[in-house]
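Shown below is the structure under consideration.
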Amino acid sequence: MHTAFLLDAAKAVQKSILDNEAALESLDRAIGDGDHYINMVRGAQAIVSMEDELTSLSVALALNKIGLKLLSTLGGASGALMASFFISMAKQWPTAENTNPLSIALAFDAGVQAIMLRGKAGLGEKTMLDVLIPVSQQFKLLAEKKQSTPLICKAIIDTADQGLQNTRDLIATKGRAAGLGERAIGHLDPGAKSCQLIITAICQLASHPINSTRY
Amino acid sequence: MKKFINKLDDVLIESLSGFAQAHADLVNLSLNPHFLSRKKPAANKVALISGGGSGHEPLHAGYIGYGMLDAACPGHVFTSPTPDQMLTAAEHIASDKGVLFIVKNYAGDVMNFEMAAEMLSVENATVYTSDDCAVVNSTYTEGRRGVAGTVIVEKCVGSLAETGASLADCKALGEKVNVRTSSMGVALTSCTVPAAGRPTFAIGDNEIEMGVGIHGEPGRHRVKMQEADAIVNECVKAILADWQQKQLCLKGQPEALLLVNGFGATPLMELYLIYHSAATLLKKHGIAISRSLVGNYTTALDMAGASVSLCLLDDEIKHHWDSPVHTAALRWGC
Amino acid sequence: MKKFINKLDDVLIESLSGFAQAHADLVNLSLNPHFLSRKKPAANKVALISGGGSGHEPLHAGYIGYGMLDAACPGHVFTSPTPDQMLTAAEHIASDKGVLFIVKNYAGDVMNFEMAAEMLSVENATVYTSDDCAVVNSTYTEGRRGVAGTVIVEKCVGSLAETGASLADCKALGEKVNVRTSSMGVALTSCTVPAAGRPTFAIGDNEIEMGVGIHGEPGRHRVKMQEADAIVNECVKAILADWQQKQLCLKGQPEALLLVNGFGATPLMELYLIYHSAATLLKKHGIAISRSLVGNYTTALDMAGASVSLCLLDDEIKHHWDSPVHTAALRWGC
Amino acid sequence: MHTAFLLDAAKAVQKSILDNEAALESLDRAIGDGDHYINMVRGAQAIVSMEDELTSLSVALALNKIGLKLLSTLGGASGALMASFFISMAKQWPTAENTNPLSIALAFDAGVQAIMLRGKAGLGEKTMLDVLIPVSQQFKLLAEKKQSTPLICKAIIDTADQGLQNTRDLIATKGRAAGLGERAIGHLDPGAKSCQLIITAICQLASHPINSTRY
């Protein structure tokens, strides 16, 4: 995997977020404070506009740069968490020669662990972790089983969606919705929704046949 | 959405610039990362730094100055600031007495301030404010939000810090004031985040949201519009129940500070009517209101609504509340 | 209409009572007829009495205290007070230095204060404020309304009166400040008079009323919503044209006080953005802003909107603006 | 004429004002500040509730009491003006033996003069005077001609209505609408409307056959 993929992924993510304005916005209006869509757009925009400084960097360095950039541009709960994700994932990112689905899965998992640590949260608290934790587990499992990239991607997309749907009936115990009690039930978590969108966009890109040769 | 803005991207910076110009005698605005700090930094005192999403003005920049904050870090509207803001502000103003962060208890603020604190080499501590008693189940500490009571914490700790008190003492006073303060808010209308362009929540012409948060987060329940006395009664009851749950001792004739806070679109005339209603009720409950504050002190953009905060006083808190303060939004004694 | 009220008939008295309780250190409330006066009446000074319809809070009761007003007579919402209020207030607080009435120039206020003045045996005089330059044809003096500039007049005359100055000198300073002050307002939404129960005027989602009065009176024209800079530009132009018409000398680098006043439902964030816009423009016009005030100082119930006031300063006005004041809504220097 | 008539007239006026809420309110919302209806209701209510203290008084004393009451309850432009009207009319009110249409017309005129003096206004300024001045002139003229009460009443009702209609196309030069310039055109003046209602209610009462015997 090359940095070029990262940049294409960033653009795909940005498009997906822009395309899902209504959904993201209405979710955070329902059980949050209405800024999640704007935060995500700002973050995606910040990454995409780093293209020039990122292209020449290794993936690990690029991921770290992205993390630091998010840390100083995003703000909010999602800002601290996503920045932590990138910074920690960058630390675990494999060298070029060691890059394979499993090493990537482990780096991804390190990012998810950082989110859990920073947010003091786990599964079932109606947060982005309800998407990220199952995805990370699935990713590791399938990579350990040496499944093909397209198959892994497809499975992850399904897992992310399932994780997202699971947030609907949860009472939130972390984040801004934690004050709502029963009233949070029936709404998807906005952070979970954006993680699902991001993961889906990246997996679609990664599993596309053309990319196996391009990157 | 009709708002006085130019470009959406410039709302924050233009508003901050206006604030800094209008109060050039009090504050300095630093950009990239953004923070506001005292014009004349006080040496040899604990530096008090607060911050949070914008849209709650005059919180926090309006409380920078003698007897209150040393710096404030404004985030985007309703979005917590980023760690580099707090870090830079702290490095800019810290003396060797250390830095005390005063943070409203929201996941975003908590985590971003936490990251700044971890990166900061100067000795530091944090007070989290969590006065909102709208969130019933207080075992979910995450859900207990910091709202208008934050102003009381900032005022009292600000006064203490000015005496050269230690970081630990400042933190202890902040936590004490926070515990002794409970708040409950109600929204008549939603606020509108400029970049979103439409109301955060829909609410009927005859409905109100009891226990709303200062970002328009849903509260306890949605009820029919009622008389002011009935609304205030629910707020006061919630506050007194919260005091009880917090085991605040109410023996003798407890003395309290009553803060009636407007959310941005509620006129002073109505805030004073609420004050009258709350003071009358509290008197019946045997509580003596010996300090008062009425106005827009912790707002939620253009939301119509108000919150009632009650702080159980003692001599120490009274002393620090009364001591001189000179900021854009609170000033007395100098 | 959603407002924090109990019975319509009690809105005024409950709000006044709340105000008097919250500021019991500063004011006394007298009933039947209603007026508010200083807790500690100052002897041997010209007594300054203002008043007008309610709904403009903190005007006028919020300006009672050291360095500003001695008493305020509140009428019903948007309805001038009655002569017996002014008469009783004057008899209550007048020393033999006489009484100066400060009256916003509206037919109702003018006539009711006039009748009180005729009935009053104590020596008295009246300053009429008429800073609103929205009304283009100023030959109709009746149409030239007193708006937020009234606060500046009350502050400066209040300072002078505190020195023991004569009634004639106080009146002269009030008239001078009034002439040197021009204001222009804009409404984004209508206000709603509680007893009427519905908005005073209808206005489209994308329309604004330029030159609106503080009672929701129509202004210069109805236009499409615009960027803040464009709106502020029209206000500033109107003000500078008015200065020219009043033949205020603008040689050298004129110094001015810039007051950005919210009408009740406009958040501070937007007011500071307006301030930034106005200050930037005025600088281009060669005017130095050396004094500033931003906030809700002369409101129109729950109207969203704001006004810009500009007062051409000289040393005398600066001195009286800066001097100590201790009221509920304005306080500095003590 | 007896004080009993005054009290019945007050009730008739109150009813007429309450019946015309929409009209009075919308006029003052259009070119004023929206409180005129409320002011009028408060004034009418104040007079009606004085019944007990008024019944035993002479008409002149009752009118004076009413004027003082309005002075301290009405407020606003209309308050100062209407109070002045009653107080001045009371001063000119004929003794019982001298009461006839002409002496009443002269007292009425004294009231109107007081309004002109207090408001520094005359005809054509889009105020209540556009109803009151023509009505006063008409009243005096017909009374001098010794016309019957019903005929005088009918003529006055027409004159009041005509005066009211005239305000529609005027630019205001007095009162709150004076700031509006051309924008006041097309709207009736609220104070003129309430005067027309008051005059009409009283004239209808006075011209009703039953009353010539009752009072």
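Miscellaneous remarks
Going in written order, the chains are labelled A, B, C and D, and every chain counts its residues from 1.
Just so we're on the same page, a contact is a pair of C-beta atoms (placed from the backbone, for glycine too) under 8 Å apart; a residue touches a chain by one contact, two chains touch by 3 or more.
What you are looking at is a predicted structure, and each value in this text was computed from that prediction instead of being measured.
Subunit C has its Cα centroid 29 Å from the Cα centroid of subunit B.
Centre-to-centre separation between subunit C and subunit D, using Cα means, comes to 33 Å.
Centres computed as Cα averages put subunit A at a distance of 54 Å from subunit C. Residue positions of subunit B in touch with at least two other chains are not found.
Viewed as a network of touching protein chains, the structure reduces to a simple linear path. Chains touching one another, given as pairs, are A-B, B-C, C-D.
Residues 2-7, 11, 14-19, 21-23, 54-55, 57-58, 62, 188-189, 205-206, 208, 225, 227-229, 231, 258, 260, 264-277, 279, 289, 292-294, 296, 299, 301-302, 304, 306, 331-334 of subunit C are the ones touching subunit B in the complex.
Contact residues on subunit C toward subunit D in their complex (touch as defined above): 33, 53, 75-84, 106-108, 111-112, 114-115, 132, 134-137, 140, 142-145, 193, 195-196, 200-201, 213, 215-219. Only residues 25, 29-35, 37-39, 42, 71-81, 84, 118-119, 172-181, 183 of subunit A touch subunit B when the two sit together in their complex.
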